[in-house]
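Just so it is clear, A, B, C and D label the chains in written order, and each chain counts residues from 1 on its own.
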Amino acid sequence: MGIKVGVLGAGRIGKVHAKAISSTAGAELYAVSDAFPDAAQALADQYGARTAAIDEVSDDTNVDAVVICTPTDTHADLIEKFAHAGKAIFCEKPIDLSLERVKACLNTVEKLGATLMLGFNRRFDPHFKAVRDAIEEGRIGDVEMVQITSRDPGAPPPDYIQVSGGIFRDMTIHDFDMARYLLAEEIASVYATASVLVDPQIGKLGDYDSATIVLTTVSGKHCSISNSRRASYGYDQRIEVHGSRGAIAAENQRPVSIELATSEGYLKPPLHDFFMTRYTEAYAAEIAAFVDAIVNNRAPAPNGEDGLRALALAEAALKSVAERRAVGLDEI
Amino acid sequence: MGIKVGVLGAGRIGKVHAKAISSTAGAELYAVSDAFPDAAQALADQYGARTAAIDEVSDDTNVDAVVICTPTDTHADLIEKFAHAGKAIFCEKPIDLSLERVKACLNTVEKLGATLMLGFNRRFDPHFKAVRDAIEEGRIGDVEMVQITSRDPGAPPPDYIQVSGGIFRDMTIHDFDMARYLLAEEIASVYATASVLVDPQIGKLGDYDSATIVLTTVSGKHCSISNSRRASYGYDQRIEVHGSRGAIAAENQRPVSIELATSEGYLKPPLHDFFMTRYTEAYAAEIAAFVDAIVNNRAPAPNGEDGLRALALAEAALKSVAERRAVGLDEI
Amino acid sequence: MGIKVGVLGAGRIGKVHAKAISSTAGAELYAVSDAFPDAAQALADQYGARTAAIDEVSDDTNVDAVVICTPTDTHADLIEKFAHAGKAIFCEKPIDLSLERVKACLNTVEKLGATLMLGFNRRFDPHFKAVRDAIEEGRIGDVEMVQITSRDPGAPPPDYIQVSGGIFRDMTIHDFDMARYLLAEEIASVYATASVLVDPQIGKLGDYDSATIVLTTVSGKHCSISNSRRASYGYDQRIEVHGSRGAIAAENQRPVSIELATSEGYLKPPLHDFFMTRYTEAYAAEIAAFVDAIVNNRAPAPNGEDGLRALALAEAALKSVAERRAVGLDEI
Amino acid sequence: MGIKVGVLGAGRIGKVHAKAISSTAGAELYAVSDAFPDAAQALADQYGARTAAIDEVSDDTNVDAVVICTPTDTHADLIEKFAHAGKAIFCEKPIDLSLERVKACLNTVEKLGATLMLGFNRRFDPHFKAVRDAIEEGRIGDVEMVQITSRDPGAPPPDYIQVSGGIFRDMTIHDFDMARYLLAEEIASVYATASVLVDPQIGKLGDYDSATIVLTTVSGKHCSISNSRRASYGYDQRIEVHGSRGAIAAENQRPVSIELATSEGYLKPPLHDFFMTRYTEAYAAEIAAFVDAIVNNRAPAPNGEDGLRALALAEAALKSVAERRAVGLDEI
């Protein structure tokens, strides 16, 4: 029945991964851990798995791999624990909100030669992946400018905002990773401007809800990112890449593609309104890639280094907002 | 200043052609005739032309060509008159509602060697023309099936319906010509079904407001036409051609191409709501082609024969509705 | 674990349904039958089910329902057999190629009060279903004209053509059902024209590969259907409905929605090239509806009567091609 | 025949304006001036106008207005000359490359109470204007983020680059004006990053060919601009505005809107490849607005102040590239 996987954390994203594991050939959902035993039990039951305390999972020699879906402040400790236990590790982003802590953690991972994959699910979206494939096939020549539009249907609750590390570490971090994935060149400097336009409460918590970020690479390529915590028309997720011989774009996705024509005009339905329905295929492909990396002994991608670099970009963006200037990655 | 053109009829379509003539290099609007002297005067003044009675236009040796925009029941007589006068003739469709009268008229035109071009403006629409060009360049292989969707924003007034010759001779006639233009093969048989779904008044006048027509060529190619006298969303004018190696479509046109995204969805504005704004470019290109035919002594297209054949298709459609069967063109 | 379902026939469509059953809450793939034991075994193994002869399935009191995916000429017999056995039945279309046999079979089903659902999967496509929902919500007013474009990427092999009953019974039958589903009014007459434009071999077998069909309802609504066995650009499946206050369309579907811009123009990828990937969601929703009908004791839709009516339309179309006239359903 | 207009400069843009004047009701092309008499004569002949030296135009009491289409370094002097002569003035952007010179010139204009309109033609594009109209009608709520994509099909020749004032004053200046037009709020700071990715020759001339600019307003709204001197797919001119209750976008324009479907996919033709065909309607509407301002004694828009502010934004952008920081408009 393939490799045995434990899921740590039976919340929203834990459920997504549990389902993906169950549907992946060569993998088996073996155990579920959660601080709330009922949540663990419900999820385990759904797929015929057992529940187990985290220590039990790490001690269980049957377990090949874990998927870490617990709160952010536990990620680094759990990665180290399971690296010591010799398990392959998939961890939701970010590894930690502190760059220092992330570096220490990755040091441990490296020393132990552990397999660590980071949950930048958007790399596995078939539309975004097709954009990257087209670039690699040389269909647009040399990449020159990337535009990422990434807006949420609505803001998360204040409780979440408070522990999220702020918009750059929580939301833009996906776009930072996507920029790196598409530019295929390391970023030299970051400029960011950020405002509170959506909800004053977010401002009171010291965070922003609207941001525009410009990345510049060493060779002078640009990437601009547009973020908002409120898009009335749905989950706005688009990518455009302009190159020397053409351009390629991935369009927004909607649950049904119909068009209603009336005297008001031609109306298409709103976009997906939730990341889970928007990225259903991406979550499945991501877990399949993790399983494939373990089974075929391949280096997983995105890895811990990718997590570190995206977080460094978030740090630079924060510094840029404060200092109103482009911040070099060498300053972080 | 190029060839001198007289416009006969200063109504809606006369104005369109007068403007087109004035804007065409190598042509000059020379005279305007209309049963209503004020209408003629107003149009003539706008472009610095004179007014003249029809006989004056035909007798004036300065006049090279006429554009006939008078009511349908005068077309055949005027064509013959100006053919005798040696003028090049552009005539709005149809030549006459009676096939016999059309044939007699074309006989005269042929005997006199007169230049006669018919006003099937849609052949000159840049989008439809690009479809035809792509076919001729072999981009879709052999043409197999044509679909024409042609719907008016609203029905004409009862007065007009009564003298129009009915939906097939008035409205579908454009689609019949377009079918011939795109199939590039003569049509063997016609099947039509027609209903009164829009306005019972139209039914009382013995006409229909909704029709579906299927044309079949000798080699077995098909064309379907969908007509309605009411499209709440604007002037619906689309063409699709399916071939052995691909398909090509001309899309609907709208005055502005913007898209509004809200919680209701993504809304584009309605289409053009009037044939004059929809076919502005086509009317200009049509007159330019007429002038070009005269100046360069080329056979004009579409010509009288095209007018005859489209009318014969309308006759066949009427017979098909009555007899509920496919009617061969050899029966007409 | 819910109702126990046997799948009869482990071929292409049997696999699709086996997967759908396994993924449907409240259902369990219990047994697989196939004339080729290896095929049955392979499919059964994949989902932890057993293999069984058809008689064993009908005799097994654990079995609640069967899904018939065997060749067409066995459908009617199997429906009757399992109706007698008291099982709920889902059968792929068509029930039989003979109208008489279908009527006899449905008679038996009715007498025995058996649950029978027909495999018109397209009713469950989310895009087509959204079109129907919009109609029912009155968003386009009264339905007036339906246009169905339905083209296969390529023709089936000659062996299949020979037993398929011909293009109208094999391919158009889906469109006939869709027309009925969208018009929500019974069809009064059928006109069809059909040709061999794709492959002369198909003509030699007495079948057609290109067809245009026009349906007219009692109240004068129209539906046109365009069929081809060859669409180089993929599986072309579109629906448009024009009504008194608007129109609604379901667009084609493609695996990835990206757009490449170069000096050649703007290129989107081809459509799905296979009905299984195009209708993945529809197949899942169809089985879910079957399970729901059984569990909640609801009348299934589409049912045997729908299968009969679609087949009658195919008969009428064949007669129309032969007689070159509109054929009334009362003649069938 | 309406107001009499002199066109100064019979080059590319002079021809566009001459045609627009001739087609505008209430205006007449009266005289054409050019340093090359043949060029002036040819253009004058085309519309039945006279040729005249610049001094003759300014002295001619018949002349009501002038349209300045001469090289940039003559703009300010000509504006002052014709302001003194009491003529209404339309001037192509920019007034001058030096902010100081522009301010002095506008001072003179103001003192003399002259009518001065600036040639920011894009405000008159029907699609962009519809975006602005929708914003003013409140259809997207409060404007929050503007994205302008503005790419030329190809770079101008080195000779032009040298006198152009650089990419920000020559190309981005249109986008700066558009940003102000859409944000409806003055801009507080500018960040720009610029590179040479297209043509090293441009770099040798001290200019850039690729730029990304971020504008921030006092209230924290953002605008990002993406510029390139090379778009293989045509003249890429798009606008998106995201607001509190929705978003609105103006799409790219192409000469023909057809779609070719083959086994390669679905192909739409490239965009317009030239600003004159892309903005045909805008040029006509712009001159109509100028004539309307004169005839109806309205303040023209955009005016000299708009020209000054767009130029100041270009200065700020240049400073930002040099200093790698956001530059306040109060620093310029």
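In this section, a contact is a pair of C-beta atoms (placed from the backbone, for glycine too) under 8 Å apart; a residue touches a chain by one contact, two chains touch by 3 or more.
Listed by chain with UniProt protein names: A, B, C, D = Myo-inositol 2-dehydrogenase.
Worth saying up front: this structure is predicted, and the values here are computed from it rather than measured.
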Touching subunit C and also subunit D, the following chains: A, B
Maximum centroid distance from subunit A, chain identifier (CA atoms): B
From the options A-B, A-C or B-C, the pair that copies C-D, where over half of the contact pairs coincide: A-B
Of B-D and A-D, whichever chain pair has more C-beta contact pairs: A-D
Centre-of-Cα separation between subunit D and subunit A, whole angstrom: 42
Junction residues of subunit D - those touching two or more other chains: 232-233, 245-247, 261-263, 269
In the complex, subunit A residues that touch subunit B: 232-233, 261-270
Subunit A residues within the subunit D interface of the complex: 141-142, 144-145, 147, 149, 151, 189, 191, 193, 195-198, 210-212, 214, 216, 219-222, 224, 226, 228, 230-233, 236, 242, 244-247, 323-326
Of subunit B, residues touching subunit D in the complex: 126-127, 130-131, 134, 139-140, 245-251, 253, 255-263, 269
